[in-house]
Structure formats: C-alpha cells, structure tokens
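What follows is a single structure, written as structure tokens, with notes after it.
Note that the chains are named A, B, C and D in the order they appear, and that numbering of residues resets to 1 at the start of each chain.
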Amino acid sequence: MPVRVAVLGAGLVGMHFAVGLERVKSGEIEPYGVPFAEYKMEVPIDDLEIVGFFDVDEKKVGKTVYDVATKSLGQLLPIPRSLNDVQVFRGLHFKSLAGLPFKAKGLEEEYGIEGGVQKLFEVIDEIKPDVVLNVITTENVSPLGSSEAYEKALFSGNITASQAYAYVLSKYLEKKKIAMANFIPSPLANDEGLIKIYEEKEGLILGDDGATGATPLTADILEHLANRNRKVISIAQFNIGGNTDFLALTVPERNLMKEITKSSIVKDILGYDAPHYIKPTGFLEPLGDKKFVAMHVWWKTFNGLEDELVVNIRINDSPALAGLMVDATRISASLLRRDIKGTVYEVNAFFMKRPGPPGSKNASRIVAYHNLLEKLRELGIVS
Amino acid sequence: MPVRVAVLGAGLVGMHFAVGLERVKSGEIEPYGVPFAEYKMEVPIDDLEIVGFFDVDEKKVGKTVYDVATKSLGQLLPIPRSLNDVQVFRGLHFKSLAGLPFKAKGLEEEYGIEGGVQKLFEVIDEIKPDVVLNVITTENVSPLGSSEAYEKALFSGNITASQAYAYVLSKYLEKKKIAMANFIPSPLANDEGLIKIYEEKEGLILGDDGATGATPLTADILEHLANRNRKVISIAQFNIGGNTDFLALTVPERNLMKEITKSSIVKDILGYDAPHYIKPTGFLEPLGDKKFVAMHVWWKTFNGLEDELVVNIRINDSPALAGLMVDATRISASLLRRDIKGTVYEVNAFFMKRPGPPGSKNASRIVAYHNLLEKLRELGIVS
Amino acid sequence: MPVRVAVLGAGLVGMHFAVGLERVKSGEIEPYGVPFAEYKMEVPIDDLEIVGFFDVDEKKVGKTVYDVATKSLGQLLPIPRSLNDVQVFRGLHFKSLAGLPFKAKGLEEEYGIEGGVQKLFEVIDEIKPDVVLNVITTENVSPLGSSEAYEKALFSGNITASQAYAYVLSKYLEKKKIAMANFIPSPLANDEGLIKIYEEKEGLILGDDGATGATPLTADILEHLANRNRKVISIAQFNIGGNTDFLALTVPERNLMKEITKSSIVKDILGYDAPHYIKPTGFLEPLGDKKFVAMHVWWKTFNGLEDELVVNIRINDSPALAGLMVDATRISASLLRRDIKGTVYEVNAFFMKRPGPPGSKNASRIVAYHNLLEKLRELGIVS
Amino acid sequence: MPVRVAVLGAGLVGMHFAVGLERVKSGEIEPYGVPFAEYKMEVPIDDLEIVGFFDVDEKKVGKTVYDVATKSLGQLLPIPRSLNDVQVFRGLHFKSLAGLPFKAKGLEEEYGIEGGVQKLFEVIDEIKPDVVLNVITTENVSPLGSSEAYEKALFSGNITASQAYAYVLSKYLEKKKIAMANFIPSPLANDEGLIKIYEEKEGLILGDDGATGATPLTADILEHLANRNRKVISIAQFNIGGNTDFLALTVPERNLMKEITKSSIVKDILGYDAPHYIKPTGFLEPLGDKKFVAMHVWWKTFNGLEDELVVNIRINDSPALAGLMVDATRISASLLRRDIKGTVYEVNAFFMKRPGPPGSKNASRIVAYHNLLEKLRELGIVS
C-alpha cells in the first residue's frame, strides 16, 4: 500500500531525501542512514511515493524535482530520472526567506492570503499526501497556542510559513488523515494549541527540529558520562558549515532558535545545567553541506581528578536528516493506520532535537531509540 | 551493615579505590565517577570497609595501604590517615609479574604451593571479606574449565595468579559467602568451569575486564551509528599511556588479551565485523596514568555519502576503574544477600569489557546501564 | 645593569609575568616559555626588575602585586614574597573597562584629565621605567595619526587608555629613554603618527597584539602548507576561554579588533585570501585562562586530491604571553642602549600578531623567529 | 630543454607522479602540491618527460604506465592517454618484496645477477634518464660504505634493490651525468661510500626518505615550540593507512627503518630527546592511501604550567610525495647542469626525512625551505 509523501522546502535536505529514496528504491544504493532499514517494518521503503514539493524560490517553483536536484546535487550524485515526474509547487512564504539572498514569492504574495491558502488547499487535494515533511529554512517563531490564534495570525499575515502550512493542513484533515512531521526548529509539535487541533481532527503532528548533526551525538556522550556519574565541568561545541542553513543562522534571531534546542539536552540528560557553549558558530562557504563540528567536554572523575574529551566531526548535514525522514514517514503512515493522533513523544524523542509535546524531556538518543523500537514492536509496526 | 572488601593488587587502581573511597566516606570529595551514587542503593557507600590488599611486590608487601598510596599518589592527592589501618598482605604470584621490572615474591614462592595456599586461606579467614576485587596486572590466560583442571593446574603451578586466587576463594566459600569481581582480562567469569564451581558453592564471580577507558565510549559511539544504520567503513583506535598496565602491554602476549576484548565490541554492537584496528598502542612514560586515546571512525550515510568522526581523550585510567569498583562492590554485596550465585550477565554487561558468562554479547554501555538499572530496581537493590 | 620594567594592567597576564619572572630569577623554575632563554643575551633575565604596575580596578589599586597575584593565582602557584615590594598604582581609565563587571576609577576620573596626566607623569618619574609593557584589556581603537591629534584626543577625553599611556610616555621621553611594548590589539606601533613621535623623541614603541594562542601556530601551519604550494580551500578556527579577555570579547566591538589581526595572517602568508572563519568564539567561565582552540584546515594537494587537518589545543593563554614579555623587555632594553628608535619590524614580526609599522606583512612565526635571531646577532644582542 | 625522468617502483606514488605530472602539463589541473610551482624556475614543469618505470611485480612489468595507472587510480582520477607511451620495464628485485603478497621477479632472477645487471644497464642506456627517482617499497637496509663493498654485495646478491640500482646507476655515470633521488628510507644519501662514488663519477645522489606525511608537520610544530623555549614533556604520534607502504610496515624490520627517521627529528629540532612514541602504527585496508594521523604534544610553558596540542590529519600519502618529486626532479636537473655532484644537504634537508650526508641534522621544514630557496636563488635556479 503506497504512502504518499509531500515535502515542504526544495532545498538540499529535500533533494537528498528525493534522490536518496529513489536510489534506494531502485536498488542502486543500500539504505544506509535509514534507522530501521535492517528491521522488518509494516511499510517497506519501496512503498514511499513522493507526490510533490513546495517552495517559494523562483528558481525552483514550477520545475521538476529532477531539474532542481540536478542543479544542487548533480555534480555529486547521479539523479534518478523518476524525479522528472515530481513537481515543485509554489508554497507559502510569509517572509520565511527574508534577509537571505533568494528571490522568493509565496502563494499568498501571488493570490493574497485567502486566495493563496485556497490555492494550496487545492494542490494538496490534488496530490493527496499521507505524510507531509517540513524542511523549509529555519525561521524565528513563537507558539501561537489556539485555533483562534492561528486563524487570526494566518489571515493577518503575522505567521511563519511552517505555522501556516501546519494550520492549512489541519483544515485538510477534514477530508483526509494526514501526518505532518516538522524537522525544523519552529515549535509545531511544541505548540499545545496545534497539537490539540490535530488531535481533534485526528491528524498527526510530529516534531520539532530533526535530530541530526552534532547534537544527538552530544546527547549520547553526555548520557555516557551521566551513566558513570562523572561531573561535567564544561561543554563547548562549535559548528560551521556552508549550506543555506548556516547562512540563515548568520541572522541572529534564526540562530537563537537553534541554540535553545541544542542547549536543552544538557540539563535534560545530565540532570544539572553544566556550563556550556553550544551554538551554530559560523558560515564558511567552501564547507558546503559537510559541516565541521568541534566539541570539548571536561569532567571530574573519581577521586577528584579531571578528564577531557574532544570530538571532531566532518558530517554531511542534509543526507543525515534525509535518512531520518524516510523512517519518520514510514512510522507516521503506520501510526495513522492505527488511528493514533495528536503527537507521539516516543517518535519525537528519537527523531527530533526538541521533542513535543511541550514540556517533554530530551532523552539520550540511544535510550530514545530503544524506547521507540519497543513501542514500534508493541504496536506491531516493527516485527 | 558493613561490607568487607579485599583487593588483589596494590597498584594504581587499587590505591585510587582505597584513597577515593575513604575520601568519599569522609565527605572530602563528591562520589563522582561512582555510577549509581545519585540513586538510593541498599548498600550506601559508607558501608564499604577495606579489610586488606594482596600483592607480591616486595616494596609493598607488609606495608600499610597508607604507605603504599603515599608513594604512588601522595604527590597528586591527600592520602587519608584511615588507610594506616589496612595492610598489604603477601599474595599469590605464579609469575604474573614475569618480564616486568618488579622484585616479586608470592606466598607459593615462600611456602611452596600447598603451604602458600594454606597461608592465603588463613589470611582470608582472618579478614573475612564479603567482596574480593581483582586488579592485578594483566596476564596471558586461557580458561581452565573444570574443578579438576583447576586443582591440577594450581598444584602443578601451571596457573595464573587470578585463576589461583579465584580457585582458593571458591574453597573458602564453604565457610562464607563471597563475591569475586574480576577487573582484568583473564577469563574468570568467562570460564564455564569456574562459574559452575561458584554456582555450586553459592558464591558469585563477576567479570571480566573492567569497562573503562576508550572501549566503553567506543561501544556507545558505535551504538549511536548502528541506531541510524550508518555503515561503518573503518575504525581506528589508539591508546598510549605511561602506567604499569601499558608497560605490561609492551609484552606482546599480554597485549593480545586486551585486543580480543576490545575488538569483540565491533561485531557485537554493529552486527557486522567492520574493519578495525583497536589496540593498546604504546608506552610513553610521562603520560603516566592519564592516557591519550585517538579514535577515527568513518562511515557511509544516506545517499551514499561519507562522514568522519575523530575522538581524542585524555583520561585518568585508574580512577575511572576505581569508581566502577565501588558500585560493583555494593551490587555484589546486595546480590549475595539475595542468594544470587554463579555470575550475573546484566552486571557484567555494564561493568566489564568482556562480560561473562562465555558466549555473552557486548551491548553498548548505555543500553547495558539501563538494563542493569532496571534489574537493580526489580531486585530492590536500587529504590 | 638592571632593566626597570613597568606594566600597564594588573590582570592575569601581568600577574603571570610578575610571578613567573620572580620564580625564574630565584631559580625556583626553569625559564620555559621565554623564547631566547637558551641563548646568551646581553640582558640576562636576572637583570629585569619590576618597578610598578598600573591599573584602574578599585580592587587592585593601592595593593601590592603580592596581594593581587595571591588573589588571582594563589590557588594555582606559589607567589614570591619579593612581589610585596611592588605596588599597583592607579593608572588611566578612559572607559577602557566600560561594559565589563569591574568597578574602575582612573587618575583622570580622580584628578581631571590634566591633573591625572600630571599625576601619572609624577609616578613614572618616580619609578623611572626603562620598558613599559601594555597588557590592559582589549579596547576598540582607531589610530590617531599625529601629535596634534593625540594632544586633542587626550585632553578632550576621546582617547583610549593605551593611546593615552603611549602619549604621556612619549612626553616623558624628554627626560629619559623609554620603550613601550604594546601586547594588545590597539594600533600603537601601527599608528604612523605615534611612531613618528617616538622616533623624534628617541623612544621605542613596539607592537601590536602579542602573538600567543592559536594565531601564531596557525601562521606556521599555513606557512607549512604554502611551502608545499598546497591550495587552502578553507580555514575554520574557534577559540573559547573563561578569562577576562574572552569576557571582554563578548562585547562585539572588542571582538572585531581581534578578528582583524587574526585574519590578516591568511593573506600575508598564503599569498591569497583563502576563505576563513577565524574568531574568538565565546566565553565559557570554567575554562578559565586555559582556553580551548579547534582549527580545521582543508586543502588541495597534488593531482587534485584533498587533505584535511584538525588541530585542538588546550593552552594557558596568559603565561604564554607573559613568557614573550620577558624577552620583549630584554630586547627592548638592548635596542635602547643602541639608540634604536621608532619601531622595529623584525622584533614586532615575531612577538606581535599585527606587527608595526602600518603596512607590514605578517610572516610565519618560524621565519620571523629566525630573522629576528639573525638581527639580534648582528646587533650583538645575542652572542 | 627536456629533462628525462625514470622512476623505480610503479606503485601508487609513481602512478600519482606520472598521472599528476601529465595532468599538470596538459593544463587539466593546477600544480598544487608542487613546492616551487609559484616561482620561476630554470626547468619549467612542462620540460619533464617520463621515459620509463621499473618494477618487479609480474602484474605490472611489460605493461604501459597507462594500464598500470588505470588499475590503481582509474576509479579516482582520469588517466592521461599520454601515459600509453611509457613502459614499465622489469627492474631489480633482490627480495625487496619478500613477505608481501606480490608475485615478483627481478631481472637478476631472470638472467642471473651479472646478466640482470647487464640488462638493466642496456635499458637505461636506451631511455637515457637525467633523473632517476626511487620509490620502491620500504626495505630493511644498512649502509655498505665503499665501492668494493657494493661490488661484492651486488654480485653475492646480499644487497637490497635500492642499493643495487644506485650502484648500477653509478656505473652508468661513466656514460652520462645522472641524478638519483631516493625517496625511501634506505640509506643511500646517508651512505658515505656511495656519496663518494657519485662524487668521483660526477653524479648526484639525493635522499633519503621523502618528507611527506606527518613527520614534516611534526618537525614544524616542534620548531614552533622550540622557538618559544617550551619544554616538551611528551610526543605521541600514530599513523594508520591502507596502502602497500603500511602493509609493508606490518613486517617489523621494515617498520624499524621508518621509526629511526621519524624519531631523529625530535632531538635535532628540540635540542633534547623529549620522550616520544612516533611510529607507523598499523594497517587498515579501507583507509587506502589516505592515512589517518593522530599526534599529541604536551609541554611546559612559562610559570611552570602545562599545555597540550592534538593534531589529527587525513592526508593522501602518495600524491604528497609525488608533488615533491616534481620539484626534486627539476632541481636535480639544474644542479647537474651546474656540475654539482655528490649530495646536496640543502636540497635533502627540505625534501627528505633523513637528509644526507650522514651526520646531517634535521632542520624544521620551514627553515629548510627558506634555506633551500635562498640557495636556489644564489645558484640562479630560481629567479
């Protein structure tokens, strides 16, 4: 039974998702980086079918995903021809690219807010996605909190693209069950109001902020130290990269969104707020999508002595997230089939840096993984 | 209710255990590095009472632990006066220090094998330990397999010190319940025959090879990668230090013992034997007990791309192990009180690099920790 | 023949200079970290005599250097009693500590500008320094350019502390030859006007920005790559520490001063402006004076292939600079004895991150060292 | 005026030299990794003409360099068609590949020693090289010391391939001036006897052991520390790779040769023999030619405090050496044109890890580079 997937944001992550998924499906590559690929899951990878992308970049809207992927990844990877059948639709903008060097126009800029929302609704009704994955550029957002607040924010234009998408999709829930998985820091699965809307309309909202890069590894290293009751004196973690995400983070407000989710792991896992500096640090164009991370952790061990650990990583940012998206999609589809609604902490705890619902703790990734695996087995999603 | 602890080996690890334990008990330092110190355990740390050390180094035998600790750690740490009350008894040698620059004489060298064993028996009967911790220098050993084989090996002298201690202690089980925890690579909890002896006599044998240093962290990093189905291309891990343990490992046969336990984690955790080079690499005297570890891991991520991670650690080897010993002792005492006998995989899986019984798999440390915690709760050892 | 040294700024660097110098003179420690200590120099280290410190922090002014050093370094190091004879005089402020958590009052705040300058002049005339070392907190400064500009800036108060000190000292040159060595980023030896003033009055002004920390090593690593014509693709360098210097750099304008000097080495050494991110990155209090540096360099080698290098350093910031100051002082004294005036590029090129006079290039440190050594030999300063 | 180059050893280094050189000549790539490419040299790179390779591997002998390069580098790089014109001739073996998994046959095995030497002589006379570069696999060798000793060793077969080549080439000097540059550890330019032979016959012998990989960088880092009189406490350096060179070093005697040259830099540059562990550490096949290096340096700085530095490198071994070979060739040709004979320390000091003549000190690379540049300018080789 096919699972129809739409992707918000035709950037690098989206392109890696599309290209990688098609390459895995055709047998060209192994499904490395897809967390549960070694397990037998209800929804096999082959069942995933990409039905559309949404973007506001004038260079992408109206193109095929094949064309867009060729431009961004063609030098690096073979682009599957099958992506010729998938289109990049115009999506919502709401200034989500403000301050960045792109020429962007959203549906709401073309048709007015009401017209634009109507247009989006129509496209969604045409492509009929089961799962919608949000990977647009990091925005600066606050939770809105209620259906009324969303309604008001949307039609006044004082809303971010992610929230607008989430709200429009919630309206579509009246016609069809849908899951939205939010892989950027915007608080969607951390917005009590939005979760309530999705619960009532029997949709699923997962998020927030896909757990890739250095933060998940930091979480596991901190858990490792916590398991030995080593007292962390300080943590410094630097990130530098050359993709749009890092470019966006040179805008201070966007950076702040990242910092919050990154920092919360310290207290959640160690149980105390060890002094730390954990931030996306800078933009360095030649690094491209393969960022450089440096981390220093210093702690007190038994008998009052001190140890130190340094981690340096060179990691491809976007494919790591794209791999997670494959399984977030498969799990979302299975959850919908079981009439599970609202948000699901166990799923968020593994896949997301800032797992909803609001107030949830960050667990270490290894713990979260095994908890999720257990839950998936209980539900019969993994056998 | 006090727990009486004896330690085999008055080297750095033993001294850190003694000094650190007394400092924690007196409130001078926090119990950092003691895994379960933050939990309420049946046996509080304050109940642990060191009743004796055993060694064969002529410079240590007959001295107080205060004197020995002052010599090895006095420059670094304050040595608690209470260690004046603990003695270093002569123990068994059986060539365990052969090839190393120490003047050693074991009980069996002074009194003959039979006389030496008798002497050891008498000292043990005098100090009446509940838990015996083995931290003598790494030997080259094979499992013996049966009571008869032990009897024969012991009295022919073709036995290692660890095995001889384990066997003599098993005989003492007729008089008193005892747990032996083996923190060196010698296969004691990995010797089916020895486990059977302890089971029959209602003693406890835990081991082997205390899980400190780079290997446990490597295990957790590999688990982190396995959880994401990242395909490990290669793993290189170097270790260099300046303590006796590293000196001993310049003797190739001793090195081999370490290498086996270090390598087994790769297959056990990843599920396939990724190409690896994981070895204690060299001896560099000025590094002392604070070794330097470098690790390189390279893997395939989603969409066929490759990532790399480098970890560098500067870590105090002996205190890390000494901290584990505190809780292995507390748990051992509680297990004995519950009439648990033989060996206990869940305990070994967290505390040991090569958890017995033979054939057991290495789990990642974080998984092993949470499994152990659950078991300790079930047994009411942790509340 | 004694060399009288005064120090501007009684912070960590100054205290390490005072404590380390006295400890070396008393034979308590070896002169490690003093570049030319192994050579026979005209001025032996023993000839250096500290005659006074200047500061504006109310907690330091009026105290002995012994007291101030005990407070800042007493936990770490033995403080020589001889520092009881050296006083911390009140110096100039001119808002150099604005925005930082210190209660500061400068002479100009106590006596008005004219009175304050007069007061400073008197103290200097009393302690009669041969060499004055500037290690006050990093300020945000622009060159002033002429004697008139200095006069006007000073008496209007629109001047920084470093510039004010430099100008007041230049007036004192009429009474006595003096060398001022500036180890902070403020452009003194990079101010054409100031150099001219010193030249005319036969004084010496060296600077700017003492070459310690990661930048000199970066310079040598880049030279290493340049010597092989490896094409640098990108350089990322992060710095994090917990001393006042890092605290000051959380004030963006101060950070900017550092960034300029750090970045100039790239083009000067490689010959092209390789993309780079080289900045003091953050403040993390527990790191204290021992900062953590991470650097990533990526380049193209022969046959179009690519290599990568990562450097991680844990380095004591202040002692490194203090060690350089010892030899900058010895060399300055010898230069004065030879009637050398203005500024001396060869000295600055080794000791400073931004060597004056303005327009000078940064050489790699190893090249600068050997050039300086040659010059010192020619002048008979080193034999 | 063309310079005719022959290469001993058709392994990875040789192939990178051939492929890279042709790609540079055709303008396909920039001459990155060629040290003096940015300077105007007497011999432009375009003048270098490869006239033949020598090897004993049955899979290579008789093939074109195009075929051999395609096999070893074809997956990684485009192989220039021009290499179809260059042949791999059978060379001398003398057990240089003993213990390694290659089927090898040398000329001396095919024709007997006398016949084999005659055969080699004939081929050389046919291809008429100006410069011969030695990059065969690392052997275990001792200097022979005199013309008679060489004669005897050669005809008894108790000689290594490098020595045999060097001696046969020395005989050819009677017909034509030639330079041999030895990039492997075998002591050729460190053999007083051989240098004398070359001097008498007006040939040039440069060597030994091409300065690539971690050692040259280590040298410069140690120089950096020495320039500040920092007292090195310890140095640990690990190397692991997956090419034939690392495979060969799993044979202990071959490893020893590397260790000696690597260790000598410590004392030569620091002036004292700081405790160190500097060794090629292991073979890990997937790393291939891009080895992983980890280095830890620990030192005492001013005021008795301690700093640490860690360097991690991922570097392509063979291209780095191949790039050096280009300029060693150009310089050798220019030296021959100036009738310079024997060996030349300044050239060796930059290009080689163990610069001849025997007794020469290792300088840091940056110093050696600038000294060489100066000499090349004096000689008019660089203008």
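Convention: a contact is a pair of C-beta atoms (placed from the backbone, for glycine too) under 8 Å apart; a residue touches a chain by one contact, two chains touch by 3 or more.
Only a predicted model underlies this, so the values are computations on that prediction, with no experimental measurement involved.
S.K.: What's the farthest chain from chain A if centres are computed as the mean of the Cα atoms?
M.R.: Between chain A and the rest, the longest centre separation is with D.
S.K.: If you tally contacting C-beta pairs, which pair wins, C-D or B-D?
M.R.: C-D is joined by more C-beta pairs in contact.
S.K.: In whole angstrom, how far does the Cα centroid of chain C sit from the Cα centroid of chain D?
M.R.: Chain centroid spacing, chain C to chain D, equals 43 Å.
S.K.: Cα centroid separation between chain B and chain D, in whole Å?
M.R.: Centres of chain B and chain D (C-alpha means) sit 47 Å apart.
S.K.: Which parts of chain C, given as residue numbers and ranges, touch two or more other chains?
M.R.: 308, 310, 312, 314 - these are the residues of chain C that touch more than one other chain.
S.K.: Show me, using the given definition of touch, all chain pairs that touch one another.
M.R.: Every pair of chains in contact is listed here: A-B, A-C, B-D, C-D.
S.K.: Help me check something: in the complex, which residues belonging to chain A touch chain C?
M.R.: Listed in rising order, the residues of chain A that touch chain C are 233-234, 236, 238, 240, 275-277, 279, 281-287, 292, 294, 296, 298, 308, 310, 312, 314.
S.K.: Enumerate the contact residues on chain A facing chain B in the complex.
M.R.: Checking each residue of chain A against chain B gives 16, 19-20, 23, 29-38, 76-77, 216-217, 220-221, 223-224, 227-231, 271, 290, 299-316, 319-320, 322-324, 326, 364-367, 369-370.
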